[in-house]
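Both of the next two complexes hold chain A, though its partner changes from chain B to chain C.
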Partner chain A sequence: MLVYVVRRFLYSIPVLLLCSFIIFTFVSVSGDPLSEVKRRPNVSQVTVQQIVERKHLDESIPVQWAYWLKDATTNSFGTDLLGNRPIWPDLKRVMGNTLQLVVAAELLAFTIALAMGVISAKRQYSLFDYGTTTFSFFGFSMPVFWFALILQVIVTNIYLATDVRIFYTANLSSPNPENFLLDRIQHLALPVIALSVLSIATYSRYMRASMLEVVNSDYVRTARAKGVPERKVTVHHAMRNALIPVVTVAALNFGTVLGGAVVTETVFALDGMGLYFIRQLGERDAYPVMAWLMVAAVFVILFNLLADILYGYLDPRIRYE
Partner chain B sequence: MSEPVLSVRDLVTEFKTADGIVHAVDHVSYDVYPGETLGVVGESGSGKSVTVMSVLGLIPQPPGRIVGGEVIFGGRDLLKLSQQELQQIRGGEIGMIFQDPISSLNPVLTVGDQISEALLTHNSKLSAEDARKRSVELLHAVRVPNPDARFDQYPHEYSGGMRQRAMIAMAMANQPKLLIADEPTTALDVTIQAQVLDVLQQAQRETHAATILITHDLGLIAEMADRVVVMYAGRVVETGDVETIFHAPRHPYTLGLMASLPRLDMDLERLQPIPGQPPSLINLPPGCKFHPRCMLSHGRVRCRTEEPPLAPTAGGPGHRSACHFKEELADGVAALSADVRTAS
Partner chain C sequence: MESILKPARWLIWFTALAMLAVACGTDNAPPAAGPTGASPEPGASETAAAPPTGEPVVGGTVVYGSDQEPAVLNPVSTEGNVLVTTKVTTNILPRAYTITPDFEYRPDLLVEDATFTEDPFVVTYKIKPEAAWSDGTPISADDFKFTWQSFIDEDNDIASRAGYELIESVEVMDEKTAKVTFKQNYAPWKDLFSPILPKHELEDKNLNKVWNDEITISGGPFMFESWDKGTQLEIVRNEEYWGEKAKLDSILFRFIPDSNTLVQQLRGGEIDMMDPQPQLELAEQVGAMEGIIAESSLGSQWEHIDFNTLVPPLDKQYVRQAMMMGIDRQLITDQLITPINPDAEPLNNVIYLTNQEEYEPHWDKFGFDPAAAVALLEENGCTREGEGTFTCDGEPLSFRIRTTGGNELRELTEQIVQQQLAEIGVEIKIDNAEGAEAFSVLDKPDSEVCGGNGDGKVQDGEVCDFDLFLFAWVGSPDPGGSNEIWRCDGDQNYTVTCSEEATELLDMTDAILDPQERAEVYNAADAALADLTPTIPLYQKPSFFAWKDSIVGPEDNPTNQTIFWNSAEWALTE
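The block that comes next holds the complex of A and B.
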């Protein structure tokens, strides 16, 4: 198992390198990074020349990439284009915030979807089953920003009508909270709900299908024939097997969730990666954008790695391949 | 004879499907006596597996439904027991071996875990260590080499024959009074079949368990069974001891099965099939269910209108056949089977 994990870990290094090259090339060829700076009246020709030298903009793209890679690995992505502001401290802060949002949303989604999928499969064509199917259609078809707005409207109206503050509709925390954790939960609740609905819909459908396939399998029948109680048959024999494909889906879905986080954070004005990305795009500054893309790539690769490890844990048949 | 271990009486099991009701098992009765091996033969879909699944309460309901009958085991009617009471019996007093050991073992649990589970389910006082010790003994008993290491392996690391032997170990774990083997060798190579049968026979000898052996392999029946139940279209059409069934069958279906076997003592170009197809269990023919394919019926009205009961034959004690004209087979078995051969 350890060999498997180490090997999977080593595989991700070339993938990451390739990612960095693609990110750098695509962003570089999308336009002259200096065009915005050159238009500013308060930036002198000398400053532009300094930028060109510092970022090696007069070199070919592969060479630029090599310099950028060196900067990224040894100097935490360096500074922005003008060289005034180091990228990493900002990125680190928003990363922490986004991770809180995304991890909470995914954990919530996975737990709820698992329960929904299992119960739907165990009671196929019951009222509960039809109910979750209907919910899933809503979840799939509802745009995240719209659902987020609806949540805000509802909570705001409750606040206006009853003067009870259940959840906040913007920002990450109050200026001076009495109870930090409670305050954070009150702030994160709505974004987490908005972000998890699509995931709940997706995972519960996969879990249901996967369970249905498994509950009629021969080994589940064997377990019943051994006299194993039904609850244990479901959890120990059926769910263990049904989880395998769902874990893969969840890990591959991570990119989508990160994309959803961009929208959610914008609606809820959260100081996260999404808002940061939008702001840097607006500034036309390629360097924070590339750093952001790189970090996102690392996350996606990490979650795939995590999925592979979980997969190996759940399914002994693939450990030795 | 002593009291039967298991007594199935007039069992009726149906499945509701989109096309109609499938009469999978229709008034099936048979007894299994202590220490004996009862062979249940029949084509696919003759209801042989559904019967034992109904006995153990393993029929998915819905779409399945046990309409009537009773199953007496240890003085209790299994059909009237709650799921909890049935769980006690399943894997405890009745052990079961399934057809396909590849899909019948859980791929994500070690074989040892799965055998231990059978032990621990029925003995809550057993410690995990003792369960392991006992499981290793069981693996050793079914001749799995190096059982201590094999305990921690997964089913995909076992060969086909070893998997089936592990299944046998699992079924024998709690010293059952009755062992049900549903096509135990069908998925295996011929050479492996012999090994598995050896192990199965040894397990039977050691535990003195009565056995129901479900198969469509008449060779297996000849080798293993003491008595035989022949099933067709969800019904028992003939039952008797193995000698009688093979040498003096009194049902044209049984005779047809025998005639369809490859023979070493005759030089045959082709095998002799029973003409026609098994009937649809949704839309059964009236009267005797076998009459459209029967070489004895000759279009007789009685065959088409009246369902023959399973009645004793003149042949011997315990020999019963569900054919109106069973005694016609008494003197002419050889002639008739020759007839069948030349006719086709």
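The block that comes next holds the complex of A and C.
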């Protein structure tokens, strides 16, 4: 297993390097990164030239990329384009915030989806099953920005009507919270709900399909015939096997979402990876974008690996060499 | 079955409650209305709600929702030379002059207007005796000298050295008197020494590395307190301030990039004020809120359509003039800007703004007149079949127009322009790009992005990849910044037009110290530019500023001093 994990990590290094070069090239050729500075009144050519020299913008793209790579590996991704602002502290901060959002949203989604999927499968074609199917289509088709705005309007209207602040509509914390934990929950609630709706829809469909396949299999029938209580049959025999595809999907999804839930974070002003990426891309600053890309790519690779390992744990027949 | 249905029933109840909540909110809202009421002068702010009646009190916090966050707090660095940084630092760092909403310069740190003499041009600044930094050190002539030295030091990352490079020396006459000798006359001298840098605090430090994350001292009404990056920044009252102390305990900047969220936050009382990018729908929403005052000023940014005169037949003056006459700028202004600011009117000067005293409407001679536009093209030998597109000297009048995609006002402007120019036989194809990518083709033709080698000379084949470009320039009370846009070899002359007459006049302006005489020269240059028609000025972009009516004192300032120009006077009411 250890050899497998190390080998997977080693394989990912050339993938990361290639990714970084391609993205660096795309961001660099998409236009002049100093165009915004040049349009500011009174900014002289000397100032512009200083930035060009400092960041080697007059060199070819492969050379610029090599300078970036040097900074990334020896100087924690270096500084941004215009000034001396180090990139890593910002990235570290937004990673932590996104982690809070994603862990909460995925845990909520996984728990609800699991229950929905199991009950739907156990009571196929019941009212509940139709209800969850409808909810899933709703979750798949609903634009996140719209749902997020509706959540904000609802919460604001409840506040205006009752003078009770259940949840906040933006940011991660209040200016001077009395109870930090409660305040954080009040701020995270809406983005977590917005983000988890799509995941619930996805996971519950997988869980339902997987459970349907398992509950009709021979070994489950055997378990029932042996007199194993129904609850134990469902939880121990059926659910564990039904979980395999769902866990794989969830782990892959988790890795992707850690790169940032762009729309959710923007609407709720949540200082996370997605908002960071959008801001830096808007400023055409290739350096923070590259740093973001590397971190997001590492997450994806890491969770791909985790999905494989979990797969092996849940299905003892699978062994890695 | 019962147990399974329970969650479903709960869900139905929740949905019903949620819909009811949305519905209640809609019903409770008063009818939509934009900013109304007569304004005291053209371009001044409009009030949408009754002013507050309670008595102002000392203390409290105002929460300002900001759609942007500063990258750094050092306002003189390239990265910090943006309005969002100024919104913070204008409360903290002292300046020689404050620019008021009516574009006047008011001495701030000075006892009175600085005095000057000519031959050589020498300005003498007398600093208020009581002016001191928050640590008790007097704000002195040494600070003026240090500020100048910091700006001209080439090792320092300074966004703009304009004016400082023309200073020959700064003499410390006494602690509170600085004598600044220039190498030549420099008319916009009142823009200098804003801000003042504290010598005793910064002289041993690397200016490129200080004040990235905090400002360690204050000479203004507020002091930096904390910055929780990505979330909020707090400034608190400077108890040692030498002027009239701020009434508020603190101002909290909350960073919220989405304007819809800002509106909900203002509605739900999570923030107290905001000044997002103006949008028609947003102005309507805020106008409909109870307890909110909304103002809109004619800002210092003005929208225009630049011609790339290296693209034939845009090199022909009559083509440009015909196109200008084919566009109903009054209609565009009425449709897009008047709902936000009723005082808006088409801009007819590319140097002065409509709300400046010096403004003279030279460009109105190319007012909307489609018949005259068609006649002008025909007089110059352009032909077309029926109602089709004109051809001039073998070149069809078919052009691309570019702007920043996603900007509602600009995209609507393009659509109106496209429709109107089609009426006079000019085909317009919209060619937008998102955000900064749109501007990647806007440069001097000899620049690398336009295929040049950066040698300062335009050669064959060096042409930037646009025909028409709709964007905004940022004006300022002093028009000095526009020289580089309109001079023949100006750094920002992206239209690549050249009026020898205008250039000659513009070159004179820095040396003319008499404001009236200088305005006359600038207006003469503007008239010459109107004849050349390198651009089509459209309108001034309105600002939009809204706050709770429980706050007294806020007043929009469309100059680069931002809405925080008088933050010391803000107060909460009882």
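Note that in this section the second predicted complex is superposed on the first by the 240 of 321 C-alpha atoms of A that agree within 3 Å, B and C clash if a C-alpha of one lies under 4 Å from a C-alpha of the other, contacts with A are read in each partner's own complex, and residues count from 1 in each chain.
FYI, contacts are C-beta pairs under 8 Å (C-beta built on N, C-alpha and C of every residue); 3 or more make two chains touch, one makes a residue touch a chain.
Worth saying up front: this structure is predicted, and the values here are computed from it rather than measured.
Shared-chain residue A:Ile51: touches chain C; no touch with chain B. In the superposition on chain A, contact of A:Lys70 is made with neither chain B nor chain C. Using the contact criterion defined above for the overlaid structures, shared-chain residue A:Asn241 touches chain B, although it does not reach chain C.
Contact with chain C, but none with chain B, is seen for A:Asn84 once the two complexes are overlaid on the shared chain. When the two complexes are overlaid on their common chain A, residue A:Ser217 makes contact with chain B while staying clear of chain C. For chain A, the partner touching the most residues, choosing from chain B and chain C, is C. Once chain A of one complex is fitted onto chain A of the other, the partner contacts of A:Asn171 are limited to chain C, with no touch recorded for chain B. Contact with chain B, but none with chain C, is seen for A:Pro229 once the two complexes are overlaid on the shared chain. Touching of chain A by both chain B and chain C, each in its own complex, is seen for no residue at all.
Here chain C touches chain A in the complex through residues 1, 4-5, 7-8, 11, 18, 21-22, 24-25, 28, 61, 63, 71-72, 77-82, 154, 157-162, 208-209, 212, 228-232, 234, 252, 254-258, 260-261, 264-265, 267-270, 435-437, 439-443, 447, 449, 471, 473-474, 476, 481, 491-492, going by the rule given at the top. Looking at the complex, you find that chain A touches chain B at residues 216-219, 221-230, 236-237, 240-241, 244, 314-317. Listing the residues of chain B that touch chain A in their complex gives 56, 58, 60, 83-84, 86-92, 96, 98, 100, 103-110, 114, 117-118, 121-122, 154, 156, 167, 170. Residue ranges of chain A in contact with chain C, taken from their complex: 30-33, 35-47, 50-51, 80, 82-85, 90, 93-94, 97, 119, 123, 126-128, 131, 135, 149-150, 152-161, 168-173, 175, 266-269, 271, 275-276, 279, 282-284.
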